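A, B, C and D are the chain letters, set down in written order, and residue numbers restart from 1 in every chain.
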Amino acid sequence: MELTTILFYLFSIVTIGAAAVMVFSKNIVHSAFALMFALIGVAALYVLLYADFLAATQLLVYVGGILILILFGVMLTSLGYTFNFRTITVNLVPATVLSTGAAVLLIFAFVTTEWKITEVAERPDTVYDLGMMLMGDYILPFIVAGVLLLIAIIGAILMSTRLSAENKGGT
Amino acid sequence: MFTQLPLTILLLPLLAFILLIFFGKRLPRQGDWLAAGLMTLTLLLSLFLLLFKLNAYPGESISSSFDWVVVGSQTIGFGIMIDNLAAVMLVVVTLVSTLVHYFSMGYMKDDVRYSRYFAYLGLFSFSMLGIVLTNNILLMYVFWELVGISSYLLIGHWYEKKSASNAANKAFIVNRVGDFGMFIGIMILFLSFSTFTFEAIFESISAGQLPFGSEGWLTAAGILIFCGAVGKSAQFPLHVWLPDAMEGPTPVSALIHAATMVAAGVYLVARVFPMLTADALLVIAYIGAITALIAATIAITQFDIKKVLAYSTISQLGYMIMALGVGAYTAGFMHLVTHAAFKAGLFLGAGSVIFGMHAALHKLHDHDTDAQDIRNMGGLKSRMPATYWTFLIFTLAISGIPLTSGFLSKDEILAGTLAFSTLNGHWLLPLIGFLVAGLTAFYMFRLLILTFHGKPVNEKMIEGVTESPKVMTIPLMILAALSLFFFYSFNPFGASSGWFYSAIERPLSMVPELMQPAAYPVFYEAVSSVHSFAMLLSILIAGAGVLMALAVYQWKKVSADDLAKRAGVLYSGSVNKWYFDEIYDTVFVNGSHVIMKMLRWFDENIIDGIVNGSAVITLIFSKVSGWIDTNIVDGLVNGTASTANKAGGLLSHIQTGKVQTYLVYVIFSFLVLFVLFL
Amino acid sequence: MELQFFGIGILTWIVFIPIAGMIIVLLLPDKNRNAIRWTAVIATGIQVILAGVIFAVFDRTKLGINDAESFQFIEKFSWITVEAVPWVGRIEISYFLGIDGLSVLMIILTSLISFIGVISSWSIDKMVKGYYALYLLLVTGMMGVFVALDFFLFFIFWEIMLLPMYFLIGLWGGPRREYAAIKFFLYTFVGGILMLLTMLALYFSVAYTDPATGQSVHTFNILHMMNPANYVDGGLLSGVDTTWRYVAWMALFINFAIKIPLFPFHTWLPDAHVEAPTPISVILAGVLLKLGTYGLLRINFPIFPDGTIYFMYFMAILGMISIIYGAFCAMAQDDFKKLIAYSSISHMGIVVLGIAALNTQGMVGGVLQMFNHGIITAVLFLAVGVLYDRTHKRGLNDFGGIANQMPKYTGLAMIGMFAALGLPGLNGFVSELFSFLGAFEAYKWITIISVTGIIITAGYILWTIQRVFLGKTPEKLNNLTDLTPRELLMFIPLIVLIIFLGIYPSPAIELMNSSLSYLVEVVTNGGF
Amino acid sequence: MDVLMIQSFAEPGLTHFLIVSAILFSLGIMAVLSRRNTIMVLMGVELILNSANINFIAFSRFTELSLDGQMIGLFVIIIAAAEAAVALAIVLNVYNRFKTINLDEISLLKG
């Protein structure tokens, strides 16, 4: 068995296990950290798929950014009045049925489909190519994405400030 | 002449009944004179009819009839037939009935339902005369049942006593069992010959017509008709009602349960004699013999004066039936006539004794001693001389002692059975006949001795007994006179030379030749050849029986208790009437009780259960339909608008406002689409 | 033959006189009870007179049964006619009345029993107005059934009769009246449905050609249904000996068997009798039960002769079972009314046995038994009613020694009892005799077994007499009074009939002899 | 079948990655549908996005999609970041307004 195979299974199990912990944990903080491991596992899978740049981005943006953001959200919303992070579930039965159904259906579909597989040669480095593509074919999406981020940041800030203003006014 | 006169004879007692039942209580003396007078008139008319018939039209049978009803194309007629048989029987019935009427004036003097009693006597006489006069088996059945009902009413005359009403019920129901057979026999005859009249039936049979084309059915019809006689004449196995019927007033027992009604069975057999096959006659003969034997053996051990007489009646009826069965037609019928006289006398005598005992006991304020138990009697000879001497004559007659009427007829019967056995080899019949003759002499003298002779058990009481009034003793004397030989034949040792034998001749058998009993000339010859032997033997046996009774009860040479012990099982069987009542009680009475309880349970639980179950189902159904009505039909009618409203409300349930629920729908529909397009 | 008063036929009069009485009763004030009672007496009295007129002028030789010409007092009008209904053609329901030898005796019985019932209703004092109104409606229904010759009309009268009966039991009855009324209703309802279905099936299978227009017309006319030529091709009930005809026969038979009532459809009867007030019991036993056997003879026998012959053994066996079973069940009862109810089952079994014989004697015996049984049970129920009015008890063991207290009553009641027992000289015997005679010709062993019923009958009747009338009078019964003149009045006509018909049944048999002989012929020939 | 199973274990191919992504997806759906807490729902969404990303990148690795797949993955990450920022801002706002972040208690949309 090759190293990549072992790594694949290892990270697959880490990813799925962490995701499961995230979903089923009753403590929201545990969920957040489990999500972090899941995202790291995904990043590792990216590496196995020869997407090193994306793996790095995943680590930076998700683990570094989004996760911190989520943790902040957890702190801000729940910490204020209760230390009980436990949550209750709703729609448990339909959710279970539907998610299992989705998994079964998807796996069935994936396994039965005849994929046209073209083996791509190993890519030691994708950063250069990606950079070229961003500046080439994907220039427009790239700019739009930038604008989107800007708007999102401005919007988030705006909402947060109005919130604090309301808080001031309210109290 | 032969229409109006018999009709008058028939209807006079009915008139008495109607007058007494409606106006009896308002008439002076409660109308007993009316009943007795009308009955006497009937007697005179009957006597006149008999004499006229025998002199003017001997050997003819005269009938007249009218159409009773038309059903489909068949006409059913009713009518009257006078032949010598009927004319003689008419006199017997009216005579005994008249005497009983007079006797009852004394016996029933202080009865609460005095007029009712005489009314019922009239009803009975009417029905009995109907049996005698009819030319028609259906009409005979009609009167047959009417006799049964008047017997029922009279047995139950003292209906306050439970035993009396029980006995009445028993009598009627047991008779019904016999009538059931008779009814079926009548149906067979009618369906085969489309007529009910005797003459037409006989004609059809002699013309070779057979019921349902089979000879077996003819025999069956004969035996079935004989079933009626079995019931009415208390033959084995339906004899059980007669002893119980003694619950009725004693004159009633004399009239109905000794002289006339029970003899109706014999009369019936005599009437249908021409259609009886040899097989049927053999059955009849054996039934008669068995009855005679059983009843005689029971009579030996009974202590109730009326019960002894009742069993002796059964026994004598068995004789008559046996006589008819063996073909000694005239002898059998003659025994009926002579028996009517002496047995009525015996019962009336017993009535006189009981009457005296009652009066004596009443004087002593003794209400526990049984006035009918012969163990309480004894020594009455001196107290009631008239009763005693007449009773003695009756006893001699029934025992078959020469110079009495009973000797004449019994002797002929015994000769007949003997002749029958020489012809056919049935030795059992004469054997039983002679045995019963001996037994009869024995138990009758036992009764006589215990009642009138010897020392009284209770001197004081016996001294209180006085002779009955004239109105009661004169009928006894008349009957005693009639129990002597010269009324029937001037030759004390040969009945066949008398007027009776010439008047009553055995009719020709009408059945196909192969099934006929021995022809009369043959039979007559056989009888004459054994006659002297039979006579001698019967005198000897009767004498032996009398001597035996004297030895045991008069001279006390032999202890009765000792004899009883020796007899062992036989004695206890006899005392308990061979357990017939017990067996019938267990089998039929309890059996029908069990059946009726079972059927009642079945009816109330199973059938009704099914019905109630279906009711429950219907109830459920109605609820369902009610629900449909209120919710669907009403909904359509009332709330088309609210339907829309409700539908909106129903849909708005989907609109929970919860994002996750929406998501559930989204994903669900997505998956559905996925599956659909995969 | 026609007989009209004021231009209206006698049959219409006899049927609708009670309705007129009912309207008058409804108009009278509730307080005026005697006026209400007298109205009912007059209405039913007129009926009796009319029945007498019919009896007098009835032509005994005419046949009837399936021949419209030889029916008597015919009244026929188109009643409902609908022209040209798609795929049905013309619908015709006519008001068609007429009588023959089969129905004339029943009309006399109905009028007589209704009249006696009114007299015996005098003791009812609860909701008098409603009672008499319903009573008169009931009388109309019964009378109508006996004279209707159109199946639709027959059905309507049949249902008209059931409704008041239901209320009369349910409102004026004893403690368990609701149960009894519902049971009665349920049974008759089931029967009614079966009859309705059969009626419709017959309607669609039968069409006659209108001589005037040449049109083929579906009809409810019973007489047309008897003619095999009138059955349309391919109709459900066309042909002979088809399964559907047997099914239809059976459906009708069950309906009528419920009314008769035959084992095993009989359990409504004891309950209904026990709970119903006396006059209603009298009507129920006296007339209503006869509707069942009448229906068999009027509808089942001539319309389905093939089915009748096919099922004749079946009928005879049911009759036999009813005779024996009813008698045994009667013997097991402690309740006077229940006893009479079961004895009715037993006696109606004789009717069925007789008519199942399919010969003249049996038929005459059966119909005569219907009439006689009507009179006899009426007497018996009246007798129970008299005792019940005085003591408010019905248990056989509650009585004893009545003969001493009420001699007149005892005499009359015992005549009724003896008639029920089949004593010769009373009417019960005559009809039983002919029924059994007829039956014996057709079924030997069944009849022999059935005749044992007369022994059982003797058993329970005598036992009843013993328990009620004989014996010592208990203390509590010491002050019973004998019959009042009113009560005597209701007993005497019936007792006179019992004795008269027992001695000379010819007047009754004469009325029906030719009709019933013809009916036998019709059935055994398989229709016309 | 057995052979197939052994083969499948041997070399992680396209299908293997796809299966991992499918499982992640269903877990994400589970979180989104069943958790009351808004932030948990948000995390579920992230999981779903990641599973989609795995798909893209796996396809770029094994099919002709090539780097275009990675490119899309990049954009997805970018948009996810924006989405997370905005969503969290919304959550904070909602919390301020309803004093809860339990989704089932926020039902202004109810009809």
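The definition used in the following text is that a residue touches a chain if its C-beta (ideal position, glycine included) is under 8 Å from a C-beta of that chain, and two chains touch if they have at least 3 such contacts.
All values derive from a computational prediction rather than experimental measurement.
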* Structure fact -> Output for shared partners of chain A and chain D reads B
* Structure fact -> At the largest C-alpha centroid distance from chain A we find chain B
* Could you compare the number of C-beta pairs in contact for B-C with that for B-D and name the larger? => B-C
* Indicate, using Cα centroids, the chain positioned nearest the centre of all protein chains shown. => C
* In whole angstrom, what separates the CA-based centres of chain B and chain C? -> 36
* Asked: CA centre of chain C versus CA centre of chain D: separation in Å?
  -> 88
* Structure fact -> Chain-centre distance (mean CA atoms) for chain B and chain D, in whole Å, is 111
* Structure fact -> When centres are defined as mean Cα positions, the distance from chain A to chain B in whole Å is 116
* To do: Two or more other chains in contact with one residue: find those residues in chain D.
  => 29, 33-34, 103-104
* To do: Enumerate the residues of chain B that touch no fewer than two other chains.
  => 658, 660, 664, 667
* Structure fact -> Contacts with two or more other chains occur in chain A at residues 90-91, 94-95, 98, 102
* What are all the chain pairs that meet the touch criterion? -> A-B, A-D, B-C, B-D
* Structure fact -> The chain A residues in contact with chain D across the complex are 1-2, 4-5, 8-9, 12, 15-16, 19-20, 22-23, 28, 31-32, 35, 38-39, 42, 45-46, 48-51, 53-54, 57-58, 61-62, 65-66, 69-70, 72-74, 76-78, 81, 87-92, 94-96, 98-100, 102-103, 106-107, 110-111, 115-120, 126, 129-130, 133-134, 138, 141, 145, 148-149, 151-153, 155-156, 159-160, 162-163, 166-167
* chain B residues within the chain A interface of the complex -> 658, 660-661, 664, 667-668, 671, 674-675, 678
* **Residues of chain B that touch chain C when the two form their complex** => 21, 67-74, 138, 141-146, 149, 152, 156, 159-160, 162, 165-166, 168-169, 172-173, 176-177, 180, 183-184, 187-188, 190-191, 592, 595-597, 599-600, 603, 607-608, 611, 614-615, 618
* Asked: In their shared complex, at which residues does chain D touch chain A?
  -> 9-20, 22-31, 33-40, 42-44, 46-47, 50, 53-54, 57-58, 60-64, 66-68, 70-71, 73-75, 77-86, 88-93, 95-96, 99, 101-104
* To do: Under the touch definition given earlier, write down the residues of chain C that touch chain B in their complex.
  => 182-183, 186-187, 264, 266-268, 325, 328-329, 331-333, 359-361, 364, 401, 403-404, 411, 418, 423-425, 429-430, 433-434, 436-437, 440-441, 447-448, 451-452, 454-456, 458-459, 462-463, 466, 469-472, 504-506, 509-510, 513, 516-517, 520
